[in-house]
Amino acid sequence: MPDGSFAHPQQRHFNPYTENGGTILAIAGADFSVIAGDTRQSEGYSIQTRYAPKVFRLTDRAVLAVNGFAADGNMFVKKVKQRLEWYRHAHAKDMPLRAIARLIQTMLYAQRFFPYYVYNILGGIEEDGKYHTSLPSYSTAFPPHPLSRVHWIKREWKCGPKVLVANTFRLLVQLGSGAVYSFDPVGSYEREACRAAGAAQSLVQPFLDNQIYFKNQTAPAGQSHPTHLPLQDVLSIVIDSFTSATERHIEVGDGLEMYVVLAKGRSPQGLESIAGIQEVTTKSDSDRVFVIRRELKKD
Amino acid sequence: MDHFPTSWGRPRNEAYDAFNTYPLHQRPNHSKDVFADGVQRTQQPIVTGTSVLALTYKDGIMMAADNLASYGSLARFKSIQRLHAVGNSTVLGASGDMSDYQYIQTLLDELVIDEFTANDKHDLGPAEIHEYLSRVLYSRRSKMNPLWNSLLVGGKKNGKRFLAYVDLLGTTYSASTIATGYGAHIAIPLLRKAIEGRENTLTEAEARSILTEAMRVLFYRDARSLDKFQIATVNDEGVSISETITLETAWGFAEGIRGYGAQTQ
Amino acid sequence: MISLQAHTLLMVESSRQGLLSLEIENSGTAIGLRVKDGIVLAVEKLIHSKLLIPEANRRIQSVDKHIGMATAGYQADGRILANRARDEALSYRSSNRAPPPLQDVVMRLSLYVQAYTLYSSVRPFGCSTIIGSLDSSGPALYIVEPSGIAYGYHGAAVGKGRQLAKTELEKLKLSELSTREAVIEAARIIYLVHDDNKEKEFELEMSWIGDETDGIHLPVPKDLLEEAEQKAKDALENFE
């Protein structure tokens, strides 16, 4: 052909990916985490549906938000849940948060050369809160606070070259702490205090940097910024993030789903007074999970 | 492909180290499947169906699709059916490649017979059919060998309405009104306006007229559409797929448009 | 001249088959009626324990939408045969994109059954199968025996009461009966051949394929089943 159109065999390539819009974010508090996402699913300029959840409860202390290619996201969540169920059958307990985070990394990296086109944010309660020890006699007289995780540990004393293992036990009291892990599509991950991902990441993350990390803010003389914000403040920041992203980004809107994971034994911190809140915890005497749903603009 | 039989299933001569020049583990590996370039995969749809529309109404769900299968811009087959009953509580509507759709039909028919012969008092409802299809389509896309369709699955089982979408990428979603293809752009704004918030009050007659109107607009605007279509309803009475309906259209307005009707000057 | 070894093998085989056929002959009767516009299958399912759940362990199975089968003999073998028949029916569908005619399924199934008579490593099937269907060419009814032989019938009976059942079937004008009428007759015959004095209790299991079922193989609906059972009991009293 003179125009060269048949010079090479033509083959249009099938693209196995698409982008389905939406935004997710998570913020860790001292003894809670908030994991949120909008519920719009879109492709190009079309809104496919106004309600397609992107945030999923995995266990009573872990919530996963997925954003990117929806088909991959749903399949990935399905497989993570399946692995967590197998873990439950094998060990008769829920997988700890940091182990879920590592599991997600290996599952994502396993697909390194045909990745799940998904950004993941995992939020929940980590078993690494502050420890304080107390004598058994003391704890019998004053039972440990229900929020604490209780461990018996064997004490060791180093006496010169010898290590003396004593029969005395001590009560170790551990508090759960809020944690957020963020991932890239092939499994790079880190623990953070807050993270936004998805279509409006570039709008929301700077806002969180300012409000959570106090970037570009100067503390009043003689005072310092708090390391953790209270739950009510965090919820306000989450709602503001999404209403703003809805204003400025076409792929964000319709509905907002916020999951709150509360460390075991902690007071609800005013959660019960929030309109329409729903508890989705499956067990008693565990960390607790709540969902709060809000409308976002639909235009 | 290499048609020379001696090349099949063994290294080509230039790849075969006849004189043991290299130790076994260092031998250059030229191994290549000589049949690889003979494998064909769907890289584009050939005979295609255009939009499928669907909505939920008071008693169930309703779906519409026209009777055309196009070959590019040629209106090739003008009386094919793109709505398919699966069991007695589900209807499937297909746009995209019609041969892939027929393959999906055979898959589903097998599934339904398997389920029937098991005779275990369980049958597949729309949610199960949709989950099954989403797994099939997602696994095919993951093999880079997609089934080139956008499918709508609708139905009603145990008093619960169901309407959802799945496409060649395995993307799924559910909504009270859904359209595939061109319909997602042209019909959805009309359908959303008519349906959102009225899912539980809309009557069958109203739903039918809303769908018919949307099909009419699509016929005016979508060059790959036809004025003959069918409507499927699923309600407590089960699945019913209508006879072919012919749209009433008026083209009189075109007479006055320059470049459209017969021009006098 | 048959060799001694082959002769011994045949002896062993025939005694083994004797045991298997004994199992079939002692099993509850199963009958099939091919009538004007459909098929009726009926089984006298002997209840060997009062602890069994009613309607469990069905001896009538579906092979395809329009094909049903009833077995007499080893129930486990019956289920294997039904699964094989389903696979064959499905394979016919995938090659031809059409519901399989019964003859095709029966030919393939009997070939399978026959193969189990050929090798010392396997035993033949311990059940006789009545298989029936209704399609565009009308109703069809076959018996597949453990030898692999398969014949078409107007009326079929296997199991313990087959002789009496066959005599009763012969009295009927099968090609003039409607499927609904055949249900009544089938129930009557099963009740007739059941030996109250010697036998344990039994459950009447019936299915049909006809215009009333839209050509689909379905269990006989409860009200019709009860009506047929009542009529069967009445007829029995008049008979005696």
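The letters A, B and C name the chains in turn, as written, and every chain counts its residues from 1.
In this text, a residue touches a chain if its C-beta (ideal position, glycine included) is under 8 Å from a C-beta of that chain, and two chains touch if they have at least 3 such contacts.
None of these values were measured; they are calculated from a predicted model.
Of all the chains shown, the one with its CA centroid nearest the global CA centroid is B.
A centroid comparison over C-alpha atoms places C as the chain most distant from chain A. Measuring from the averaged C-alpha position of chain A to that of chain C gives a distance of 61 Å.
Taking each chain's centre as the average of its CA atoms, chain A and chain B sit 36 Å apart. Note on chain placement: the centre of chain B and the centre of chain C lie 42 Å apart, centres being C-alpha means. Here chain C touches chain B in the complex through residues 58, 61-65, 82, 86, 89-90, 93-94, 97, going by the rule given at the top. Contacts from chain B toward chain C in the complex involve residues 106, 109-110, 113-114, 116-117, 119. Residues of chain A touching chain B in their complex: 11-14, 16-18, 20, 41, 43, 46, 48-52, 69-71, 74-75, 114.
Of all residues in chain B, only 41-44, 134, 138, 141-142, 144, 146, 165, 169-175, 178, 184-185, 188 touch chain A in the complex they form.
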